[in-house]
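Encoded as structure tokens, here's the structure I'll be asking about.
When the chains are written out, they are named A, B and C in that same order, and each has its own residue count from 1.
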Amino acid sequence: MADYISLFVKSIFVDNMIFAYFLGMCSYLAVSKNVKTANGLGVAVVFVLLVTLPINYLLNEYLLKPGALKWLGDNYAGLDLSFLSFIVFIAVIAAIVQIVEMVVEKFAPALYSQLGIFLPLIAVNCAILGGSLFMQERDFANVGEAATYALGSGIGWWLAIIALAAIREKMAYSHVPAPLKGLGITFITVGLMGIAFMTFMGIQL
Amino acid sequence: MKDFDFKETFLNPIFKGNPISVLVLGICSSLAVTVQLKGACVMALSVTIVTALSSLVASLLRNTIPNRIRIIVQLVVVALMVILVDQVLKAYVYSVSKTLSVYIGLIITNCIVMGRIEAFALGNKPFASLMDGLGNGIGYGLILVIVAFFRELLGSGTLFGFRVIPESFYELGYMNNGLMILPPMALILLGCIIWIQRSVQKELQEK
Amino acid sequence: MNTNSNTYTVIYSTVLVVVVAAVLAFAAMALKPMQDENIKKETITQVLTAAAQSDSEVNISEDTDVMAMYVDKINDAFYVDGNGNRKGQMNMGKEDVNAIQVATTSDLKKQNDIIKKIEAGQADLLQSLELPVYILDINGKEITVIPCYGAGLWGPIWGYLAVEKDGKTLAGAVFDHKSETPGLGAKITEDFFEGQFPGKVFGDGEEKFAVVKGGAKGAANGVDAISGATITSQSLGKTINTWATYYEPYLTKAAAKVSEETEAVAESTEDEANEIVEE
């Protein structure tokens, strides 16, 4: 249990997707102009990560990684399909996003009106594919760990985008040098937030 | 279809319409590999190749792609190119591919690649698309290399792994700036690049 | 042609998938030998680097032909089981450089999985372990290189320990990792950390080795942890400790054999024996 908590907290703060790995930057910068929409995208990211990562974990475990096809018989034990992982992961993500969109639209119209516009954006959000690739590289022991990691990094991303949106709302009233306005100051703000987040590196669990 | 203007398609994305500093495309992942110049160069090269080739392929296929599965087809084309690049890197420059780790895979979701296919390649002839892809890739790579140059020079005192700041400087009390190695500095440097670029090209400034 | 009809879409996607799969499979097959070669080369470089720390005259840089050097220095390479019995021979590439066999990290991972099962109580698996041992001759000095492999903070960490003839004293160590935090856990690959290992001695009791926070205070079987990277350091200590435990039967046997030989020499010529002891 302690492992899960440690992994969870670490993936939110220490290995924050935005500040430590720059994952999902495009939509992070594009959709952080106000808190409300930022919140919507953040929730959608958490949701999609939580669904796709365990699925990709299972695919990796039983289909892609070297020796993963052992369950088919000893003849298949030597096969290594890991070169297909990028394409499988992205296909799963695109498909899941599509399905999630349809399901949400059908069964939770209220949620759909909030998340709807963000879902298609998310298929090409690096944070989602990045989550799956990091999962593969870090070699998690079971689905539980993969899901914990997904939840943690999703929440980390969510926190980061809300924080930035709040800062940008306030920044609209400050006197920023003309060439820095908009994009420039946003980058510098994110950089400073990243430095602030680095203080979490020392936490021990 | 308008006539193909080499200068416009190839050079514009490198400077005036630079995908990172002007269009805010594809900053995603690749900044994480700018700690060292070597990694950044390989990354820049990989992105350029992937952007150019997938633009070319998408442009060749543009009249056959069923509209409904357009995005998926684009993703598959891009993923194909990225896997090829990844496999080649693993075979020929293993040590570099190790440092780039997952970031090569993340080129798939780099907005720049998909963005150029969607915005340009699907409506233009193959050669023009190839040039557009190349130009955007190079424009993107240029920024990566500039950021990496400063981070490696100031952070480690080396370039391409070779020491450029002489020992005697260190004896006089010069110190490497450890902050430069940390991820947030990539963003701050990028902010500074934009600052400089927009001070020169005033028409890019945001209101 | 109507590119929006269902049939067209289905046929189109099928053809696309087949073409893409074919291209990828072809590329993967064509490049696989070179990729495997790179992995092998990396393992060999790490084995050599660990062993070479015992002798400042042996240098390994990026330009070194590690394959040729390995063939030149290697005396014996084989597998042992958890009871210290020799199991199988690895090809040392004396006839053909390309035939060199080493245990790559994925092989080490398999062994680590077995070790985990043994730790969980399945003691009968001891015989099924296949732990690699490399014996190298570094300028006349016999060095045994043994690997270790375990989980770090984020992903696997592994390393190679160079052990001297007595089966206890370390002559060098090399570590590597897959995804530890840069600037913190990733520092285990740096010289200042690896440089602490030569001269350390495996302990006799439960604790063979430790990576200690706040300084090993000169303990013979411990080194200083990396500040800020507690989990990586602790995991590394644990990994070394575990693997050293499973290599102990072999190392003890090998050391006993060496001392027997030394005694035999000692009986024949006392002077020479003294020199050996002094060495």
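As a working rule, contacts are C-beta pairs under 8 Å (C-beta built on N, C-alpha and C of every residue); 3 or more make two chains touch, one makes a residue touch a chain.
Everything numeric in this text was worked out from a predicted model, so none of it was measured.
Sorting all chain pairs by how many C-beta pairs they have in contact places A-B at the top. The chain with its Cα centre farthest from the Cα centre of subunit A is C. In terms of their C-alpha centroids, the spacing between subunit A and subunit C amounts to 34 Å. Subunit A and subunit B have centres, each the mean of its CA atoms, that are 21 Å apart.
The set of subunit B residues that touch two or more partner chains comprises 72, 76, 80, 83, 87, 101, 182. Residue positions of subunit A with contacts to 2 or more other chains are 83-84, 87, 134, 137. Contact with two or more other chains is made by residues 20, 24, 27-28, 178-179 of subunit C. Against subunit A, in their complex, subunit C makes its touches with residues 20-21, 24, 27-28, 106, 151, 154-156, 178-179, 181, 184, 228, 230-231. Against subunit C, in their complex, subunit A makes its touches with residues 14-15, 66, 83-84, 87, 134, 137-139, 201-202, 204.
Put simply, subunit C touches subunit B in their complex at residues 3-4, 8-9, 12-13, 16-17, 20, 23-24, 27-28, 31, 34-35, 38-39, 41-42, 178-179, 182-183.
Within the complex, the subunit B residues that touch subunit C are 35, 63-69, 72-73, 76, 80, 83-84, 87-88, 90-92, 94, 101, 181-182.
Of all the residues in subunit A, the ones that touch subunit B in their complex are 19-26, 29-30, 83-87, 89-91, 94, 123-126, 128-130, 133-134, 136-137, 177-188, 190-195, 198.
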